[in-house]
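First chain A sits with chain B, and in the next complex the same chain sits with chain C.
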Partner chain A sequence: MQNIIEVTQLTKSFKGQTVLNDISFAVPKGSVVGLLGSNGAGKTTLLQSIIGLHLADQGKVSICGEYVPNLSAATKQKIGYVSQESELLTWMTVQQIIDYTRSFYTRWNANLVNFLINDWALNSSQKIHKLSTGQRQKLSIILAIAPEPDLLILDEPVASLDPISRRKFIKTLLELNTNDAQTVVFSTHITSDLERIAAEVLLLKDGSIYFHGDIDELKEKVAKVHIVANQKLPNQLNIPGVINLIKTEHQASVTVENINDVNIDQLSEQLDANIRIEPLSLDDIFVELHS
Partner chain B sequence: MTEQHISLEIAPSSGVPIYRQIIEQVRRMVASKQLKPGAELPSVRSVAQSLAVNPMTISKAYSLLEAEGVLQRQRGKGMIVSSNLPESQSEDQRLHLLQPAIEQIITEARQLEIGRETLLKEIKARYKE
Partner chain C sequence: MRSSFAVFNVLLKNSGLVIFLTALATILATAAFAGFFKETPKPNNQAIVLVVQGLIITMSLLLSWAQRFGKLIRSGFNHLKVGFNQSIWVSLLMMISVFLLIPSFTIMALGFGTPLQLSLVVTIAVFCTIITIISSIAGAILMASTVLYLTTELARVEKNPGSAFFDFLTINPYFILAFILVLSLIILQLYIQTYGPNRPRKRTAQTESNEEISLRLKKPNALTSFFDRGWIQVKYQIGRRLGAIRNAKDIALLSGQYQTIAILRGVLLLTFVTGLFYQPINEIVIGFIDGFQNHASAVEKEAPVNLVQFLLVMLLSVLASYDTSLLTKVHFAQRYLWLKLPVDGFSNFKRSLMATVLKSSLVEVTITFLIFWLILRQSSLTGDYYWVLISGFFAFKFYSAFMGVLLIRSKVSHLIYFLVTLGYGVFFAAILYLTATIEFSDSLVLSGFSLVMLMILGVCIYRFSRQSILNT
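Then we have the complex of A and B:
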């Protein structure tokens, strides 16, 4: 598979403060990648650096084989981007901004626009400054996907959407991905959405990549081991790859990096304990990593 | 045979990966003959769409079920329930599918400090022949 995005040793700092630290990864064409990280982890900076809104201090970013920011007009046409804050011209009506945006693109799926305006209950004659935050977000998404970009970059696209709209949005994204092999990179805090639509997750922590890979793999590796011992637990539990540990005299809850590295039977015998393994959701994993 | 409607349920926020949730449900439906040998499964695309999940997830589940011998890929069509199911009919196999639920109930009983005998008695009373 060909890579649509390649990031090599990207470093970016603002006023001496490092936001992105030596980041390297590639996104194959047609994949859906979810970007996860706490507030200030560098998600927005990373997305903006990918499309060239920030210049890298060090390292390189390429899209479709061309180095950012020197992208050809043809490549720029292939990118759709929705920022966290709506950047719409608020004095226009919904229809006006659709027509205006359309004039910049050679490709435009008018049927999709009409369908989504209807489906997402937007009123095309309404002025944008009268729209709610969620409605503006919907409109921004529509404008970004209308040119049928090969690469769609979304910075917290669903933050202000209600659950019904979120589900509709997910379905639309999945359809675009299945039918047109569109690549989607998006950041979010709503991990249950991410678990639905993304096959891959990129977890940023303090400006570096903590994990990049299959969501299922992450969920199968990271787990919580609950230990209830019949006697006093020793000070040091002999468990590899501990992320987090809570321990009392007879009980312990240990979050481990890779449950497959833990010999449960041996541990149970060693400690004379009952051991239960709790699989963790992405949400739980995220919290465990940051506590 | 026509494509059957099967109702799969997923809980994205559960710690169990979605593809595993699907595998377990299909296994159970096959074991209980709710899905009979030769029955066609809904396409990857339609399952993905109705559950609003990535098609890769469904496709992964189907492929693993195929590797297990539970499903068979039909050329040009979708997946069907294998017509010569391996040993999955034995009681042992079916009992194996119940393991997670058993583990769960034992854990909860322990937490509530309900003894073994009491638990067994309750199960016996509930599970009438």
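Then we have the complex of A and C:
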């Protein structure tokens, strides 16, 4: 499958502080990728670097085969972007900004706009500065998806939305992606949403990629090992890829990067212990990684 | 994010000793300045300029502390900050020090102080403070009006030996005193009801920064002024109908411009164009300029002439300064239009955007120069003064535009702020020197004082406008 985004050895610093460190990955056309990471992990910088709002210190980014920031007008028309804090011309009315944004694009799904304006209870004649944060976010999303972009980049799109609007947004996003024509890359803190929409996850930690792949694959790899020993546990447990460890004299809970690398039988025998493996949800994995 | 009033915040963040020394230095400087003029009997202008300047510095300090106090109180988060109560008390203390001590010292040093006069000044200051906490614009207008009135009053006293301050008031000063006090209390009561302890507040907040201004608002509102938004909408509607706003870049760049200065310039244009055809307006305009033409006889003229000279100086500064919001908005427009504008490549995109910015800048310079020229033309100003002002206009326009460019490109913005305000100060003091009937040595003192005052005001205004615009 052809890659719509290719990031190679991307490094970005601000005032001497490295935010993104040697990041490389590719996003195939038609996929839905969720970007997960704690505050300050570099999610927004990564998304903004992809579309050219930040210029890379090192490395390269390409979209549809064109290097960022030298994108052609045709390629830019294929990209939809919603920033974390909606960037709107606040002095306009909802209808004015719809008309204004429409003037930029050759493709515009007016039916979808009208449907979402009604469905999300936005008033066309309302001044934007009077909209709530959530309403502004909704409007930003509508403006981004109306041109039916091939690549939709969303920076925490649901952070300001109420649960009902979140579900509606996810439903819309899934419908847009049904024919695999649209690629979606979005960042979020809400792992349940991510699991619902995305098949792929890109996990950022301290400016580097911790994991990139199927969510199921991640859930199969990362697990928690509960150890209850008949004798006193040694100071050092010989377990590879420990993410997190809680240990008492006879018991231990160990979160490991890849459960397949742990020889459970051997460990049980070595420690004279009962061992139970607990599969973790995406939410648990996220917490374990950052605890 | 730094406060709009960075200078005062920096002071506040430091120890109480620094705050005390700053307040003491301000008071001593004002008193020394007042004493200097008292000991040097000169025509009335100097005393008037002194009071105006003394009160303006009071106003700038008062506005800063009142704004800070208002922001601290209004936020739903600030009370969570460690040291919140201390910040509140320090702000209040500074306000009290400023509005009690500086006007009192100024008036007493000039030998005009009586208990009634001082009480009235202090009461007005209290009222202005309360209004400023609620609305800084309303507070500034009120304070400016008070300053202008007090100056007129002083001039009348000077002109009529044996008369006292407020003798010319047609209403009993005690009545005014009581009225202002009652009104202040009512407004304060309403304010406390709205923002006071009964207001539901958040109990927890997650933030990586403990800086109070970061906690102030979840999302800083940029063009909060009704005038700004309304004016952009009017310009957008008219521009579209006339075909003047033809492309998307114009609209995006229009969006962030700080419109208040444009409105002020519009009012100036209207006034002076009307003056061309309507005699009464023309007479006011000529009155404005009177000081330029009649240096030697300025003392003999009515007191308001000196006031209007001062106003004129401010108006000319407004016209001569470059509207840097045109430049600061480029950053926003660049982000906003980057994916939307159908232009190939990064260089072409920047070139296209900069062409629009240059066009807007050219329009800005042309229009402001026309208004400036119109003022000078109506004043029938000739000779050196005319050419000094014309060349001053272009010199300052170029200087402020250059500083505007540096402002958006430079990483050392504090230095740029300083240079910008230095420029304002020099320009302001130079025109003031031209208008005031004073000796060269006095003008040096005045210039220095103007410089300090404008540096403080300038830094505040620039930081405010820049932060606002960048966060639109």
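Just so we're on the same page, the second predicted complex is superposed on the first by the 290 of 291 C-alpha atoms of A that agree within 3 Å, B and C clash if a C-alpha of one lies under 4 Å from a C-alpha of the other, contacts with A are read in each partner's own complex, and residues count from 1 in each chain.
Everything below uses one rule, namely that contacts are C-beta pairs under 8 Å (C-beta built on N, C-alpha and C of every residue); 3 or more make two chains touch, one makes a residue touch a chain.
Fair warning: this is a prediction, and the values are worked out from it, not measured in the lab.
Trainee: Should the pairing of chain B and chain C on chain A count as a clash or a fit in the superposition?
Mentor: Verdict on chain A: chain B and chain C fit.
Trainee: Please indicate which partner A:247 is in contact with in the superposed arrangement: first for chain B, second for chain C, both, or neither.
Mentor: In the superposition, A:247 touches no partner, neither chain B nor chain C.
Trainee: Pick one for A:284: touches chain B only (first), chain C only (second), both, or neither.
Mentor: First partner only, chain B.
Trainee: Go through the superposed model and pick first if A:130 touches only chain B, second if only chain C, both, or neither.
Mentor: neither
Trainee: Using C-alpha centres only, what angle sits at chain A with arms pointing to chain B and chain C? Round to the nearest 10 degrees.
Mentor: It is 150 degrees after superposition, to the nearest 10.
Trainee: Output check: A:60 vs chain B and chain C. Expected answer is one of first, second, both, neither. What do you get?
Mentor: In the superposed model, A:60 contacts neither chain B nor chain C.
Trainee: State whether A:195 touches chain B only (first), chain C only (second), both chains, or neither.
Mentor: After superposing on A, A:195 lies in contact with chain B but is clear of chain C.
Trainee: With the two complexes superposed on chain A, say which partner A:73 touches: chain B (first), chain C (second), both, or neither.
Mentor: The answer is second: A:73 touches chain C but not chain B.
Trainee: Using the touch definition from the top, say if A:101 reaches chain B (first), chain C (second), both or neither.
Mentor: Touch partner of A:101: chain C, not chain B.
Trainee: Contact-wise, after the overlay, does A:51 reach chain B, chain C, both or neither (first, second, both, neither)?
Mentor: Only chain C; A:51 stays clear of chain B.
Trainee: Pick out the closest CA atoms of chain B and chain C after fitting on chain A and give their distance in Å.
Mentor: 23
Trainee: Spell out the residues on chain C that touch chain A in their complex, using ranges where they run on.
Mentor: 208, 218-219, 221-223, 228-229, 232-233, 236, 248, 251-252, 255, 332, 335-336, 338-346, 472
Trainee: Looking at the complex, which residues from chain A come into contact with chain C?
Mentor: 39-40, 51-53, 69-73, 76-77, 79, 81, 85, 87, 89-92, 100-101, 103-105, 127, 129, 133
Trainee: Could you please specify the touching residues of chain A with respect to chain B in the complex?
Mentor: The contact residues of chain A facing chain B are 32, 167, 170-171, 174-175, 177-178, 191-193, 195-199, 215-216, 219-220, 223, 228, 274, 276, 278-284.
Trainee: Mind pulling up the chain B residues that touch chain A in the complex?
Mentor: 12-20, 45, 48-49, 51-57, 60, 103, 107, 110
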